[in-house]
Amino acid sequence: MIRFDMKAGILVVVAGLFMSQPAIGENKALQELMKALLENGTIDQQTYELVLKVAEQEENELSRTPNTDNVDESIRLAVAEEVAKTAGDQPTITTNGKFEIRSKDNDFSFRAGGRIQVDAATYDEDRLRHNDGTELRRARLFASGTLWQAWAYKLQYDFTATGIDGIQDAFIDYKGFDRWKIRFGHFKEPFSLQNMTSSKYIRFMERGMPHLFAPGRNIGLAATASGGNWSFSSGIFGEGRDGSSDDNDEGYAITARGTYAPMLKEDRIFHLGLSASHRITGSTDTVRFRDRPESHLTDIRLVDTGLIDTDSFSRFAGEVVLVFGPIALEGEYYYLYLEREINRNPDPAFSGYYLQGSWFLTGETLNYSASKGSFGKLSPQGIVGKGGIGAWQLALRFSSIDLADEDIMGGEQMTMTFGLNWFPTPNLRLTANYVDVLDVKGGPAAGDEPSAFQLRAQVEF
Amino acid sequence: MIRFDMKAGILVVVAGLFMSQPAIGENKALQELMKALLENGTIDQQTYELVLKVAEQEENELSRTPNTDNVDESIRLAVAEEVAKTAGDQPTITTNGKFEIRSKDNDFSFRAGGRIQVDAATYDEDRLRHNDGTELRRARLFASGTLWQAWAYKLQYDFTATGIDGIQDAFIDYKGFDRWKIRFGHFKEPFSLQNMTSSKYIRFMERGMPHLFAPGRNIGLAATASGGNWSFSSGIFGEGRDGSSDDNDEGYAITARGTYAPMLKEDRIFHLGLSASHRITGSTDTVRFRDRPESHLTDIRLVDTGLIDTDSFSRFAGEVVLVFGPIALEGEYYYLYLEREINRNPDPAFSGYYLQGSWFLTGETLNYSASKGSFGKLSPQGIVGKGGIGAWQLALRFSSIDLADEDIMGGEQMTMTFGLNWFPTPNLRLTANYVDVLDVKGGPAAGDEPSAFQLRAQVEF
Amino acid sequence: MIRFDMKAGILVVVAGLFMSQPAIGENKALQELMKALLENGTIDQQTYELVLKVAEQEENELSRTPNTDNVDESIRLAVAEEVAKTAGDQPTITTNGKFEIRSKDNDFSFRAGGRIQVDAATYDEDRLRHNDGTELRRARLFASGTLWQAWAYKLQYDFTATGIDGIQDAFIDYKGFDRWKIRFGHFKEPFSLQNMTSSKYIRFMERGMPHLFAPGRNIGLAATASGGNWSFSSGIFGEGRDGSSDDNDEGYAITARGTYAPMLKEDRIFHLGLSASHRITGSTDTVRFRDRPESHLTDIRLVDTGLIDTDSFSRFAGEVVLVFGPIALEGEYYYLYLEREINRNPDPAFSGYYLQGSWFLTGETLNYSASKGSFGKLSPQGIVGKGGIGAWQLALRFSSIDLADEDIMGGEQMTMTFGLNWFPTPNLRLTANYVDVLDVKGGPAAGDEPSAFQLRAQVEF
């Protein structure tokens, strides 16, 4: 019994010794001891082997254990603590073509960015001189951010303009409500699809001519809501960026736009939109409608109403979009009705529309935002410089505008534009446009039907 | 004795086995062995229980031990090393409403930010037309930073101005001395409390009318010092931002301001200040003093000295502030004395003052900086969007200005302004002001006493 | 034998117990037990000491082991994993006087920065009035970055200019070829050494007068290549920033510059350069050459060709630079040849040159970039504020210009400028220049030979 006890004791002791050395497992001295104990008869062969086997098993088990579990249980915590102390509260920094810093809790963010658009154009002149040349079309910087989660701001400036006229967005958002957002400051009146789509993301170098009916940015207060496939935005807006200095008070407008997408799948979109705006003229009690022929380098406007004495005017736009994978069809119709200031003067109405189709040869689909009811930044399937060829898109547009009604002889214009867009990366766009003025009836440049070939290089960051 | 030895041996062995398994503590095989030893009589019940108890105690002790000490001693070091290698030298990034990057050693920092102020105003007109409307009052971006610890810079531009006139701060600081700081470039001449307090932090939308006596920013060289409750700044300044192009050399001014706070507790402040400036007129040997009626949308100045031929002029301002918790009383008196260029013309003196009181309904105290002798960014006790209501402040100001002396008939004006400020977060401010022009005697708009109701939305970032 | 067994058992047991407590090593209870076993005779003194010794040895071995190997093998991995998860993909942030964020894979970067140059000047007038004063010479902000590795952009604006004229660089780069780089947008035509060297890094406050022969920035397309000691750049460029509005199309130029450094060691540089440009005038069919006398505060140009009717003109520049450690000798010769628009008018040719030497008293060497063929940012050996005195440089320049040929009486001017530059840190520069107009023959200011003492403070970030 003593012998047995001794064996058991030795067994237990030796097993304990082996096991007491986790992750080392090479206690040769103890192995030697075991051998000595075997040799001097303290333990027998059977016990010796049993002990070694048990020890080995336990050792294996133990040697695995600390490598995984030991680390996980206690040390991982220490690691996480240490990392958190040093780097854990570091904000997230976005670099992939868009500089943004966002706090860990998402309460704060800061973003700085901008765009450059450089153009060149050559004209096939008809009657008037449209000078060939180059131009910085837009050169903008902005800063924007989130403050305390519920608030946001943006300040954007275009350096191609002079002084206060270069201020683009300059607003504050309150996003603390469930579905609604309040915006105040200087921003776009919500009106029409091509107006609400950034100049970076339109199909051609310039918006279709009926864009001259759209209001621009003004100082105002607006409320915006959106659901899964609809958006609505409505606001009240003053006039321009600086205080009125004429002898009349500033005017104001009520403007609203709603969009709805009855079909909204990844590559099948059916979008409808309606906009309406009523403006009371104020310090400037005249209005003027005119625009360049979908080409910005020339300074000539082929249609132009001249200044019209105006009390108030209403404008409307209807939008339809169909997207089938790489193909998109878009159209808008605009109507504008004026009430004259001088009583005897008749009240004219103007209108216009455009239809455009586009096709991604490389298979991409336009990036539609249902919550904004407009198009956004494109992601080409292949990146130039990373083995891809970018996204290639063909586009064709027909636009028509009629600025002649009653006593206003602003002229009519029909224009066809063919476009090729190349997006080597999501941040870059190279565009070639061929603009053909098909017909100009009446107005200041009756019968002048030039064409233009123009190029743009664009980067956004 | 052998039995005793055996028991002791077994006890020791088993305790050792248990203890040899730190952090695992579930060696069922050994528990089985103990049971077997008990059952076959090698150990008795008492020993069995004792062993188990001791083993358990030791185990508990051990299982706690490695989780803390083991980790702390060796692994924490390894963790810290690894973290430092990967992320340790990362600069500190501030996001909470203020984007700043600061190197670990504090030698370098970079900050980008700005402000937007959007106004709307409506006038209750008296004799002259003051047009209602909206306005971008300020839209600024800036970059600033620290270089090699001892140096700093700031460049700030206001996009509501045109060209070089939009440059606000554009200076370099040397901070390498103990108590003194040297600043050179384009910055504010140190003069008067409301002038030195940022437009973001003044009590109303506009500074009190006597502010027209204060110099603006000019190119100069200044030295600044400050202690626990005082500040002093003095410098020499040229004229404007661009070189003079008239037929005379640019003039210059020596300007100084000192402040002292005899009482400076967390919510009890008594502040005194004195400013003096002497300017020699140069290329422009005339001066003109005029200002809008504490409302910026109108372009009309109710008081106006017109151009005065001037050789030199001296101006002075005295400041008193009392802060009792949420209540603050502030007042400044200004005096300006001109020496005429044309000998026979008499030398006039003008003066003005304002008194204003403000009260935080929500209990905050104005953020006073003794080292600058001015007021800074407010931190509301509750954040709107985070369950709070922000800070609410009422304010009342009376101001008086006298621009009539000798042959100069600039007029006198007294104005009362009532204000309500709401700070939903430290970065946002919404202000409503009712400005009542109480009395206008003489000057270009004698007897025109309009009132204005005006709103401002402000964000800083 | 039993006693021996017991001893051995106890020895083994106790050693095991000691060893089972790695890194703790203070099991007093077991030491007490050993003492008790010794005292009650279970073990003898010899065994007692042997056990203690063995235990101590093993303990030492074990206590070292886990501190190093244990950590290295398993935990370092866990640490690295944890760190990587939390902070590993963080971009690199540069702060040392230059704010830049660069993604880990180097595919993207964003940089924001700028410069401020503030000047003061006083003139020792001769015949004409050159007004003393102060000026913001340049105040620029820019954003630049890398996009998808192969692309880059830069947008820079100078706030001392008005509107679109303030736009400096506004370009896109494609760097995806091996040796070539394509640049399009608004940037400097590659011409002459002092033109291609940034205004931050030239030896004096203003470039030498023959700089009036250099083209500025225009909208264009250029290709650039460089090797270890050479650079070549060539492009086609339009006119200015905005579209032409005159009755002629915009003109264009072909411009190229090549540089070669036959010797290029750390402190021994021999640089040669050649530039050529041919411009067809377009909408502006006149040109004018004139410049201030190497001092910008004055508005007077001592030499001036007036408007010259021009069809086209060609210009050339040759560069030589020698750098011997802290000493640099630089020179350029310019030649310009005009073809007149009006047939009977003779075709004039103008020319000019400058020679300048500079010496770093503190031993620095100019920072030459062979791939650009121009000079860059200097790193002083000691930093002011970090125990150093910065870099101190003396410079002397002689320049000569001849704008009189055929019927064009633009005048001739010789100018000597002495300069002292102090670079307290790599980001800061303080410069004093003494400009002495040695001789003015003919032209609009014949015989007016003023001198100027001028100071500049410059910061870049």
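So that you can tell them apart, the chains are marked A, B and C in the order they are listed, and the count of residues begins at 1 in each.
The rule is simple: a contact is a pair of C-beta atoms (placed from the backbone, for glycine too) under 8 Å apart; a residue touches a chain by one contact, two chains touch by 3 or more.
Every value quoted in this text rests on a predicted model; they were computed, and no experiment measured them.
Student: Once you've mapped the touching chain pairs, tell me: line, ring, star, complete or other?
Tutor: If you draw each chain as a dot and join those that touch, every dot ends up joined to every other.
Student: Angle of the rotation mapping chain A onto its copy chain C, from a C-alpha fit, rounded to a multiple of 5 degrees, please.
Tutor: To bring chain A onto chain C, one rotates by 120 degrees.
Student: List the interface residue numbers of chain B and of chain C, divide the shared ones by all numbers used, and answer same when the ratio is over half, different when under half.
Tutor: different
Student: From the mean C-alpha coordinate of chain B to that of chain C, what's the distance rounded to whole Å?
Tutor: The answer is 33 Å.
Student: Among the residues of chain B, pick out those that touch two or more other chains and give their numbers.
Tutor: Each of 2, 9, 13, 16-17, 20, 66, 70, 75, 79, 83, 86-87, 90, 93, 112, 141, 162-163, 166 in chain B touches at least two other chains.
Student: Okay, in this complex, where on chain B does chain A touch?
Tutor: 2, 6, 9-10, 13-14, 16-17, 20-21, 23-24, 29-30, 33, 37, 41-42, 66-68, 70-72, 75-76, 79-80, 83-84, 86-88, 90, 93, 95-97, 99, 112-114, 116, 118-121, 129, 131-136, 139, 141, 159-163, 166, 296-299, 383-386, 424-425, 427-428, 457, 459, 461
Student: Which residues, counting only chain C, touch chain A once they are in their complex?
Tutor: Interface residues on chain C, with respect to chain A: 1-2, 5-6, 8-9, 12-13, 15-17, 19-20, 58, 62, 65-66, 69-70, 73-75, 78-79, 82-83, 86-87, 90-91, 93, 101-103, 107-110, 112, 141, 143, 145, 147-151, 153, 155, 157, 162-164, 166-167, 170-172, 174, 176, 184-186, 218-220, 238-250, 282-283.
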